[in-house]
Each structure stands twice: as C-alpha cells, then as structure tokens.
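The following pair of complexes shares a single chain, subunit A, combined with subunit B in the former and subunit C in the latter.
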Partner chain A sequence: MSDPERELRVSKIRNGTVIDHISGGQALNVLAILGIDGSEGVGVSIGMNVPSDKLGTKDVLKVEDRELSQGEVDVLSLLAPEATVNIVREFEVVEKKRVERPERVVGLLTCPNHNCITNQDEPVESAFEVVDDGVRCEFCGEIVREDIGDHLAVH
Partner chain B sequence: MRHDHLLSAGQLTRGDIEAVLDRAADLADDPGAVGERHADRLLALCFFEPSTRTKMSFDTAMKRLGGDTVDMGPVESSSVKKGESLADTVRVIEGYADGIVLRHPSEGAAKLASQFVDVPVVNAGDGAGQHPSQTLLDLYTMRERAGLDDLTVGIMGDLKYGRTVHSLASALTNFDARMHFISPESLRLPHGVQFDLHDAGARLREHTDLDDVLSELDVLYVTRIQRERFPDENEYQQVAGEYQIDAGTLERARDDLTVMHPLPRVDEIAPDVDATDHAAYFAQAHNGVPVRMALLDELLGGDAATDGGAGR
Partner chain C sequence: MSDPERELRVSKIRNGTVIDHISGGQALNVLAILGIDGSEGVGVSIGMNVPSDKLGTKDVLKVEDRELSQGEVDVLSLLAPEATVNIVREFEVVEKKRVERPERVVGLLTCPNHNCITNQDEPVESAFEVVDDGVRCEFCGEIVREDIGDHLAVH
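And now, the complex of A and B:
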C-alpha cells in the first residue's frame, strides 16, 4: 500500500532483529535503550516516520547480527508499547517476541528529580517501578508519565 | 512490626502503627517497662541537615531505653565534607552502632542507606520526602485527642515540600479519615504523593482557602511555608499570610478542634492560640520521646519475642 514500507521490506536482513511499529520519532531512543550507537559495528537500518495504518506514522529498526533478549524487549515497551519484535535467522522470522511491560527498570533511566539521592554521585543504579501510566522512582517517588525517552541514562 | 527499617510511612499497616502507639502509651506510663535489653546498645545519629529537635528526641528516647547514642556531628566537620558518599558513610557507621537514624537533604537517602547496611535505618527526614517517625507521634497525639476513627483532618501549609505532610497523609489512609489539603496553588501535594493516596483509596479534597472546611475539621495540622519557596519577598508575605491562624480564626472552628504542628513554628500559628484548648503542638512534641522509644524498641528488637512483644 505505501511505498516506503515496501522499500523497507526490500532491505531484508539475514540475521538479527526487526523492531516494527515503534511510535513515530522514537527509533533513536529505542536504539539508546538498547545501547546501540553504531560503534559496535553492527548494521543498523532506521526508518523514521514511515506512514502506518495503525499508528499514523511509525519507526522501523533493523539490527543485524543481534537478537534482543526478552529483558531488552520488555524495557523497549516503555517507549514503544505497540512495537513488534521479530528475530530473524537466515532471512526467516524464527521468533516473534511479545512486548510486555516489565515490573521495574533498573539502571536505565535517570530520575528527573534533581534532589533525588540517585542523582548525587552515590554507587547505586536508578530503579523505577512501572506503574499504570508511567514509571516511578523507587527512591524518591517521582513519577515520569510522558517523554520517558528524555530520561534515558545512556550510554 | 516486622520491618528491618523505617523508611516511609507507606510501609506501615494499621496493625504496625497501633502496635507502636500502644507500646508508646505503655512506655509513657512506665519508662522502665522495657527492662535492660537495650543497655549495651548504641544508636548512631547521622544528621546531614541541622535539626536539633528531632535529634534530641531520638537521643532522649534511646537513653531512656537504657542505651546510648553516638553522634556524627555537624556535616561541616565530617568526611562528608571531603566528598565521601552516603553509602560509604553509613557502611562505616554501621560498624559502630546497632542502628542508624538518618536525616539527609536528598529524597531517597534513607532508602539508599538501608541498601548498604544490615542494621536498622530510621528515616528522620529525607529532603522533601518522608519523615515517618514524626508521623507516628502525630498519630499518637491525634489518637489521644480525637481518636483515629471517623476523623476529619485538615492539613495546611507547604504540602509540596513538607515531608511530615507526605508521611502523615500516607499513614492516615490506614484509618477512617477524610483528608482536606489546604495550600497555595504552588505548594499543592506532589503527584507522587497523590498517586499513593488515590491508590490507597483515600478520601481527599484540595482547597486554597481554610474557611472552606474549617468548621468540619476534627484536627488541623499546620505546617510552615518557607520563604525560600517563593521567588520574592512580597509574594511570600502575601501568600504565607493567608495560611496563618490565630485565636480569631479558630472561633469559626468546632470547639473540640485539635490544632497540631510539627514545630518549630514561626508565625503560622499566633501565640494567642497557645492558651486555647485547641493547641496540642507542645504535647505533640513531648510525645516524640515515648513514641520513638517504642519505635526503637521494635526495630532494635533483641529479646522482644520473650519480653512481652508477643503478637507483634
């Protein structure tokens, strides 16, 4: 139906992970969450703001030679709750992972409360409980509802 | 109370709270009831912010229990000044003492400390976070004056940064209490606290004007609005003035209204209230000692199981 989608499908990867239906504009944050910045040497294709029936626009990511773990997929759900994750081997989708919200995320986000003890040079990782409509700092109680991608502690 | 630490009021069940309050009442009647079991125990007082009041209260409580205290002293003269992390500080102090009372300017400090030590940590105030031992003495006072059932409580002042408010509101969700929060728009309860209150099914309403609810209240809990919360002096004067009470204000209240304040006060309660039957804030402060005795007795434990602590 839409040409951009067809083009993206053309560039199939041999082995790796395809993350589709990422909310438009979030692809770079998803890469950051996964700790991928290109320096690893893996091939990464990014399609941003591709027209999508479901989401209006969406982002698509293809990461070669890397299979995401369920933990990584769960974390991804915070930024891209609609995302679908396909593991590809020899050009075939061998596994479709379900994106489920984790109960907590550790070390991944920075608390937006500047006065939180986790922002004071202490030897602890940040820890957030996942609540109905966001995440909540386990140390100071601060709640992050929107733009969770702005609080990534990466990398 | 089956907890290793007291970090926030939210961890306390109604049963936990009542056990401490009951024990505090016993100890208020007979301070010797605890016996000798804390005689060799040391409590470390780690106050990274000046607070003579809370510190003295814990110091007194521990000594009345027959134990003793060691004081970190002011931050200016400690290793902290040289850049030591809190995690390191408490790990060192853990070696000196059987428990740690911590006051710190950052939210979450007590929680962090508790992750690095095996001795009990009592949060005696973490930034704008929590101050749960204050809450226990607040509840003790409320129970004595008004009971904790079918209670209508007004909490007024700096609800945003007031850690005593956050802890008290959280603890009151265990009881049959209606809560009214009265503050300037800019100092309303933070989202995180509201989230917990709603989550606990609290019945609460927010107001900017005390007169909206004064006549309904059993308890009015007043807190200080600090100058540094406002960009300029004029705005502070104007806003803070609306949240000060005097004997005249209270003529519109019920005769049996109890007025509380975590102290120290500045000018949010006029001295002419002191002589009225409403004033409970000095009794409230005095209750800090038996309540903290009961709390420390529980947390430091020891022979509790064979020493009248059955059923707790």
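And now, the complex of A and C:
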C-alpha cells in the first residue's frame, strides 16, 4: 500500500460503471462486447495487466456516464467470470451488480466450424447454449471452451 | 487544476512509453498498430476521450516496459499526427520522440479498392505512399483520406 499509483492504475470516475477483476488481457474483448471503441466519444479508462493479489494480473475498465444493464453484465461473465461490476454516481458506488452466466448467447459469437449454417451467408443468427465448460453451438453442436473472446462476432 | 483526478486520468508509469495527445477515440487503433491487445501481458493504461484544452478530447496511452522505436512512432503519425511520444525511465522523461510522417507505409493498411491486386489473395504486400491529404495505394492509385484507422491490416 506504500505505492498508491501502483494500487490505482486508472483514476476514479464521477459517474458510470467500473468493471474490475477482468482476467488479464481481456479488457479489449470486454469493450468489444459492450460495443465501445472510443469513436462514440464516451470517456473510458483502461488498465491492462495490472498486478493483482487475487488473479496475478487483471484488467480494469471504467466507462463514464454509462450504467451497464444486467443483460450486458451477464454477457460479460462469459469472458470475465471473476469480474465485479460497480455502478458509480457522484464518486460513490451505488450498486454492485452480480455477474451471472447467461443460459444462452444469441448473435454475439461466431461458430468456429466453417461448415456450420451460421457461416454460410444464410440469414441465421448464431446461438450458443452456455454449458459448464464453455458454449455449444445450437446449430452444429461445436463447443468453444477456451479463448471465447476470439470468436466475438462484434470484432 | 483544482481536480487532479480529471487532469491525470491514468497514473504515471515507472518505465515505458507515454503517447499523449492522440485524437479522441483513436487509442485502440494506435494499440493495434503497435500490435498490442493485452494478451501478451504488457502493462497498458489507456484514457479515452479525456477532456483536453488543445484537442477538445484526446486519448492517452501508456505502455509499460516498452520503448517505441522511431519507426513505430512514425507509423503512429498517420493516425495521430498531434501525438507526443515520451520515453520514461524511473518515472522521468528521458527522451521526447518527434512524430514525423513516413514517406510510405508497407503492409500496414489494406486498400479499400476491392479490385486492387492487394485484395486478390496474391502474394503482394500492400504499400501506400504518404501524400499531403492522406495515403495513396502504390498499386491502384486509390487514395484514403479519412478514417485511415479503419483500414488497418492488423485489425
């Protein structure tokens, strides 16, 4: 605690959402899920690969003047199951949202199976069932266990 | 100056490179140019759309334990002509690199002309001449003036 700069890589925000304890290196994928790339003008602070007692390294993401919905938070859980989400107003945490895995995700991921109908230029939206060890394509049964962030349709 | 948190969105770094005065919303494109997405474990702090007297809003990017080369800095200039690049060691700025536009960029951008030979699965690397108002494809003559970041091959 003797080096406060090391403790707080990005400063506090007045209003918005703080997503902490994101797995190290996943912050940009989380941003992509939220549809934020900066061009929309929203204030964003990101700390990547910050030393963390709990996770080794972690990412921190602060989005100003935007309060994430529970649905957005649930989708986050796929990439960042350890994440904590705090809603901040006037520098105070007013709500801690629980991160829960959704039962299915629709339109968010692309199936890694090139022969899957969702990859055939057909008007079919991807859909995955969330299973214990990953997500399973509802069309072809392909399972994605690791690096789910690499299959984001929003990239 | 009465609100230091507003002044310093992301904290100081001990060693590395600080890229400041990036046009608002361009930080992720700059990261992409540098080949950083966080998965390599490098410590990165990003402030996006930070209020700036000079630019209205700006992005700030701090990369720990990495000193950008002059070549990397020159490529940056295409996306962030106003950027300032400082090399930091032990919390002190030891070098201010000048951002200069390169004469040409090879392999970094994709040509927006779909009929260009560089888009035909041929073993041809893209090459653009840097001109006053943008970049010009050396193969088909297509000129990209705005949103150069949208044509990054590294995306």
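The working rule: the second predicted complex is superposed on the first by the 146 of 155 C-alpha atoms of A that agree within 3 Å, B and C clash if a C-alpha of one lies under 4 Å from a C-alpha of the other, contacts with A are read in each partner's own complex, and residues count from 1 in each chain.
Just so we're on the same page, a residue touches a chain if its C-beta (ideal position, glycine included) is under 8 Å from a C-beta of that chain, and two chains touch if they have at least 3 such contacts.
Note that the structure is a prediction, hence the values are computed from the model and not measured.
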First (subunit B), second (subunit C), both or neither touched by A:12: second
Partner chain(s) touched by A:39 [first = subunit B, second = subunit C, both, neither]: second
Comparing the two partners subunit B and subunit C, which touches a greater set of residues in subunit A: C
Touched partner set for A:25, first subunit B, second subunit C, both or neither: second
Which of subunit B and subunit C A:140 touches, first, second, both or neither: first
Subunit B versus subunit C as contact partner of A:121, first or second or both or neither: first
Contacts of A:49 with subunit B and subunit C, given as first, second, both or neither: second
Contacts of A:59 with subunit B and subunit C, given as first, second, both or neither: second
Contacts of A:152 with subunit B and subunit C, given as first, second, both or neither: neither
Doubly contacted residues of subunit A, that is, touched by subunit B and again by subunit C: none
Partner subunit B, residues of subunit A touching it in the complex: 113, 115-118, 120-124, 131, 136-143
Touching residues on subunit B, where the partner in the complex is subunit A: 85-87, 104-109, 111-112, 115, 126-129, 190-193, 195-196
Interfacial residue positions of subunit C with respect to subunit A in the complex: 5, 8-12, 24-28, 31, 37-50, 57, 59
